[in-house]
Amino acid sequence: MSRTIEFTDTEFMIAQGARLLEDGKTFFVGWGIPQVVAILGQKLYVPDVIQLFEFGAVGPQSVLPFVRGTMGGPQNTYRSLQWLNMNWAFAYSGSGYMDYGMLGALQVDPYGNINSTYLGGTFRKPERRFAGSGGGNQVASHCWKTIIVIKHEGRRFVPRVDFLTSPGYLTGPGAREKAGLPAGTGPYRVVTSKALFGFDGETKRMSLLAVLRGLDPRDVVKDMAFRPMMAKEIGEIPPPTDEELRLLREEIDPSRFLIRGEKMSASA
Amino acid sequence: MSRTIEFTDTEFMIAQGARLLEDGKTFFVGWGIPQVVAILGQKLYVPDVIQLFEFGAVGPQSVLPFVRGTMGGPQNTYRSLQWLNMNWAFAYSGSGYMDYGMLGALQVDPYGNINSTYLGGTFRKPERRFAGSGGGNQVASHCWKTIIVIKHEGRRFVPRVDFLTSPGYLTGPGAREKAGLPAGTGPYRVVTSKALFGFDGETKRMSLLAVLRGLDPRDVVKDMAFRPMMAKEIGEIPPPTDEELRLLREEIDPSRFLIRGEKMSASA
Amino acid sequence: MKIRKEGDIEYRFEHPDDFRRFVRDKKSRKAEPKLFSSKEAVSAFVADGDYIVYDFSSLTRGPQALIREVIRQRKKDLWVCAEFTLHESALLVGAGCATRIDVGFLGYGSYIGQAVCEGRVRVYEWTNGGLALRMLAGARGVPFLPTRDLLGSDNMSVSAAKVVEDPYTGLPVAVVPALNPDVAFLHVHQADIHGDARIFGTNLFALEAAMASHRVIVSAEEIIDHDEFRKDPMRTTIPYFLVDAVVHAPFGAYPGAMPARYEIDLPHVDMLNGIRNDLQMQEYLQENIYSVADHEEFLDKRVGARRMAELRRAATIMEGYR
Amino acid sequence: MKIRKEGDIEYRFEHPDDFRRFVRDKKSRKAEPKLFSSKEAVSAFVADGDYIVYDFSSLTRGPQALIREVIRQRKKDLWVCAEFTLHESALLVGAGCATRIDVGFLGYGSYIGQAVCEGRVRVYEWTNGGLALRMLAGARGVPFLPTRDLLGSDNMSVSAAKVVEDPYTGLPVAVVPALNPDVAFLHVHQADIHGDARIFGTNLFALEAAMASHRVIVSAEEIIDHDEFRKDPMRTTIPYFLVDAVVHAPFGAYPGAMPARYEIDLPHVDMLNGIRNDLQMQEYLQENIYSVADHEEFLDKRVGARRMAELRRAATIMEGYR
C-alpha cells in the first residue's frame, strides 16, 4: 500500500537536486535555491562535498536554519576550510578545481544557455529586469559540469534566451571551445520542479531524462517553448522523502519562505 | 680643530644612502646593502619611512642586529603593518604607491641601467655569473625614484651594461615611456662609496652631484669607464658621523660582515 | 579622461599612468589621525559624478551607514559598482543619487528592476567575476587582465570587455579594462585612527578596491590602538597609507549583519525589499535617512538600544572571526 | 606538450585545458590521510625531468628536508623555479639533479655562478616578479598575465616574455605565460593529515604554487587536528584538496629558520656558501645527504639535539606568528 506524499514543486526541485550531488566532489554554488539544494544534499547524502561560494568561502558546513537572502553571512560560511575573496574563488574554478557548478535561471534554451538578466524588450528597454549574472557567468564558464535549477514553467524554456547571461553550449557542439571557453565544460543537468533533463552527447541539446513519479512525460514537455530531445527510457523520480521534507521544513527553512510553491502530490 | 674620522668605503656608502631617505615616504628595498641603508636611515633619521620587501612585508621595523643574507626572516619583518606575498608587493609598486626603490648593482651605465646578471662573455657563456634580477627589475620599473647603491669602482661604471637587468632611462629621454614602462619613473640617485650622482633632467645622463669631503671630483670620475656629467656645483658629503658608525658597528652589524671594506678617512 | 565610450558603451577607465600620478601626488603616506564623522568623510571625499565601490554584501558587512550618508547629502550622478550587493543600488537610484550601475548583481526587490525598465538608470553587464578582475587590474596598475569567461555571452556586447588572441596558445581570451573608482567604502571590524583596518571573514575585493581607488573611506565597528596592527601583521586587511578617512560607526552595517558582532535585522530588510514604487521608496528614505541628522541619530531614533541589543545577542557564531 | 621552444628559448608551458584536465582527473577532492615519509613522498611524486617550485627562501621556511631528499634520490634533469631562493639551486646543480633554472634570484655563493659559466646548467631570466606572475596565471587558469615591467630590459630576450599592445590604451605591455609546475614543495608551520596547511608570516606565492602545480608536497613542523582548520578558516593557507602528500618534518627548514620555531644555523649556512668547487660540493653532499638515510637521521647524526635546542632558543620573536 503506497502512501501519498504532499509537497510543493519547490520542495521537489530542491530534493531531486540534492540527490544529484556527488560526494567528495567540489560544487560552486550560486545564490538562492542552489544554496538550499547544497545544504540539503550535504546534510543528508554527501557530507564530504566541498562547497565553494564566489565571495571566497571554501568548504563551509552551514548552520541551520538557512537565513534567506544571505550568502556571505556567518551561517553559510561556518566551519569553512578557508576564507578568501572573489578573485581567489574564481581561481579555483578557473584552474579546473570545481567539478560542479549549480545555478538558478530565469530562462534556459535547448543548449543550456542561461538568462538571468531580463525578460522581454531589449537590453536598454527591458520589460522586466532581474539581477544579472552575479558570478553565474564565471560558474557556467569554468566548472566542469553545470547543474541548472529552474521552476518547470513552459515560458522559461525558450528556443533562444532573451539575453545570454551564462554560457551553455552556445550554438551547439564545439561552440564553447571555439569561443575560447575551457574545453570539456558545459551544462550537465537541468533540475526542474517536475523533471530532470540532461544534454545529448552529440547534439548538445537538452534531453528529458526523467519525470516526477506519476507525471506523463508528454505533459511535462508540452508547455515548453522548444521541443527537448527524449532519452530512450524516461526514468521516474520519487517524490521528496519524509526525511527530505522534515529537514527542509523544520531545520533548513522553518519560515517556509523559500520552499513555498505550487502544491503537488505523488505516491511515496 | 677638526677631528679625523676613520671608516670603510662601505660604511660611507651606507651612511650617505641613509641620509637620502625621505621621512613619511615608501621605499621598496632590494636585497643586501639597501636593507642596511634602510635600517640605518629608519633608526636614525626617518622613523616613519615605510619599507616594502618583495616577499610581502609592508612597513617592518627591523630588529637588530641585522642577520646577514636574510630578507624574509622574523628580524627583518618585525612589527610590519601587513604581511602579504610577492604578487601583492608588486601590486603596491605597480599602482604607484612606492615613492622610492633602492637597489644594488654590479654595473651601471650613464642612463642608470642596472646589470646584476653577469659580467663579460655572453649570456650563454658568461665570464662571471651573478644572482640576476630578483625583484630588482620590478622595483626599477615601478617605483617613482630609484636609488642605486654601488661600490665606487671604475669598472662598474660602463658606457653600456653587459646585460640590462633592471631599467634605468634605457637609451635616453622618452625611452622608458616608449617601452611601456610607467610614466615619470626612473633612476634618481646613484650612491657610491665616494660620491653621489643624480640624473640630468634633459639628457637623463648620470651627473656628479657631490663627493666625500676631501676628495677631488676629478679623481672620483677619472676611473669611470664613461664620463659623467658634472653638476654646476659639486657638493661635499660629510663622512659618517659617530652615531652612524656606532649604530652600524655595534647594533646593526656587530660581526662586521657587511660593513667591511677599504679603509678611508676624512675630517669630521 | 575617466569615462570612455566605445559605440554605445560607456565605461569607467583611467590610464594607469594617470592613476599612478594621483597616488604619487595626492595620497599621503604619513601616519596621521584621520578620524572623521560620516558626514565629514562623505562630504570631503565623495563628489557628484563619482564612481563608487563597496565591499561586501548588503546583508553582510556592507557600509550601510556610509551609503545612507551619501543619500542624506543628496549626491548626484554617481556610478555604482554593484558587485554582490542587494538593496544599496535600489536606495541610491531611488534617492536620485545614482544614474549608472556596473552589474554585478542587481538585486533584489522589484524597485531597482523597474527603474532599469523605465530608463532611470543605465546599466552595464560586467558580471561579478569581471568586476573583481577589473578591480585587481586597477590595484596592480595594469590596463587590463585576461579571463576565460564572459566569452560567448551577451555580456560582451553590453560591457567594454573584449576578445583578444592569447599570444601563447592562440586561444580567444576575454580581457577586461582596469577599474580605478573615485571612492571605495569599506566597513570593517577594527581600525586605528590612521586607517589600518581588519576585516574578519571573507571579502569580495577589500584590498584590491582600497589599492585601486582614489579615495578610501573606512568605517569601523571598533577603533583600536595602532600597536595592535604591528603585533599581528597577518590580520591587517588594509594598511593605513591606502586610507583617507576613518569613521567610527558601530552598527555601520545595519540592517545587515556584522559577522560575530550583530545579526541581520530581517524585518527591516523585508521592508526594504518590499519597496515597489516611488511613494514607498520616498517614505523609506524620509523615515530612515532624511529625517535623521546622522548615523547616531538613526540608531537612537529608528533602531533603538533594545533592538540593537537583540541583534547583538543573535550573533552567536564567533568561531573564526577574530 | 609541457616544454615549448621559441628560437633559442625553451620554456615550460602547458595549455590551460591540459592542466585543467589533470586537475579534474588526477587530483582527489577527498579528505583522505596523506601522511608520507619524505622518502615516500619524493619517490611517489617527483620524477626525473620534472619542473619543481618551492616557497620561500633558503634562509627562511624553505623546504630543505624535501630538497635534500630529492638529492638523496638522485633525481635527474630537473627544471627549477629559483625564485627568491639561495643555495638550493647550487645543491641541486652540484648533485647533478637540475639542468635548467628559471631565475629569479640565482644566489648566492660562487658555486652556482661557476656552474652557469661552465654551461652545466641552462638559465632563463624571468625575474622574481615575472615568475610570481606566471604562477598566478597558472593558478587562475589563464594562459598569460600582463605586467608593466620587464619592458626594455634584456630579460625579454632570454625568457619567453613578450610585448603586446594593450587593447585599451595601445600601450606596450609585457606578458608572461602561465606556469604549471610538476611539483610544488611547501614547508609550513602546521598541517593536518589531509593536507590543510598553515603558514605564519609572509610567503612568496604559496597558494598560487599549490593551485598551479600538478602535485603538491607539504612538509610541516607540526601535525594538528583537522578541526583546528575549520575553527579558524582565515588562517588556512592551503586547503587539503590541493595537496598530494603531507610529510611531518620538524626542522624541515634547517639550516634555514622557521619563524617563531627556530633560527638560522649561520655556521652551517656559511659552510654552504663557502663551497667553491666540486670537491667541496661533493664533500658537503656526502656528509649531509648521501651518508644519512633520511631527514631524521640527518637531524640525529649531523645536527644533534643540543644544536636544535640552541636554535629553538634563539627564535625569540613570536609576535605575529600564530
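Letters A, B, C and D name the chains as they come in the text, with residue numbers starting at 1 for each one.
Basically, contacts are C-beta pairs under 8 Å (C-beta built on N, C-alpha and C of every residue); 3 or more make two chains touch, one makes a residue touch a chain.
Just so you know, these numbers come straight off a predicted model, no measurement behind them.
When the interfaces A-C and B-C are ranked by how many C-beta pairs touch across them, A-C comes first.
Between the CA-based centres of subunit C and subunit D the separation comes to 38 Å, rounded to the whole angstrom. Between the Cα centres of subunit B and subunit D there is a gap of 29 Å.
Centre-to-centre, using mean CA coordinates, subunit B is 40 Å away from subunit C. In subunit D, the residues that reach two or more other chains under the touch definition are 16, 140-142, 147-148, 171, 173, 201, 231, 233-234, 319-320.
Among the residues of subunit B, those touching two or more other chains are numbered 57, 77, 79-80, 83, 90, 94, 142, 182.
Taken as a graph of touching chains, this assembly fits none of the simple shapes: it is neither a line, a ring, a star nor a complete graph. Pairwise, the chains that make contact are A-C, A-D, B-C, B-D, C-D. In the complex of the two chains, the subunit B residues touching subunit D come out as 31, 53-57, 63, 67, 69-75, 77-80, 83-87, 90, 94, 117-118, 121, 123-138, 141-142, 163-167, 170, 175-176, 178-182. Contact residues of subunit A toward subunit D in the complex are 24-26, 48, 50, 57-59, 61, 77, 79-83, 88, 90-97, 99, 142, 144, 182-184.
Across the complex, subunit D meets subunit B through its residues 56-57, 59-61, 83-84, 86, 103-108, 112-114, 116-117, 119, 123, 125, 127-130, 132-133, 136, 147-155, 158, 163, 171-174, 201-206, 208, 257, 259-260, 264, 266, 269, 273, 315, 317, 319-321. Subunit D meets subunit C in the complex at residues 4, 13, 15-16, 140-148, 162, 164, 166-169, 171, 173, 175, 177-178, 200-201, 231-235, 319-320, 322. If you check the complex, the residues on subunit C that touch subunit B are 16-17, 19-24, 27-31, 138-142, 196, 207, 211-212, 229-231, 233-234, 236, 239-242.
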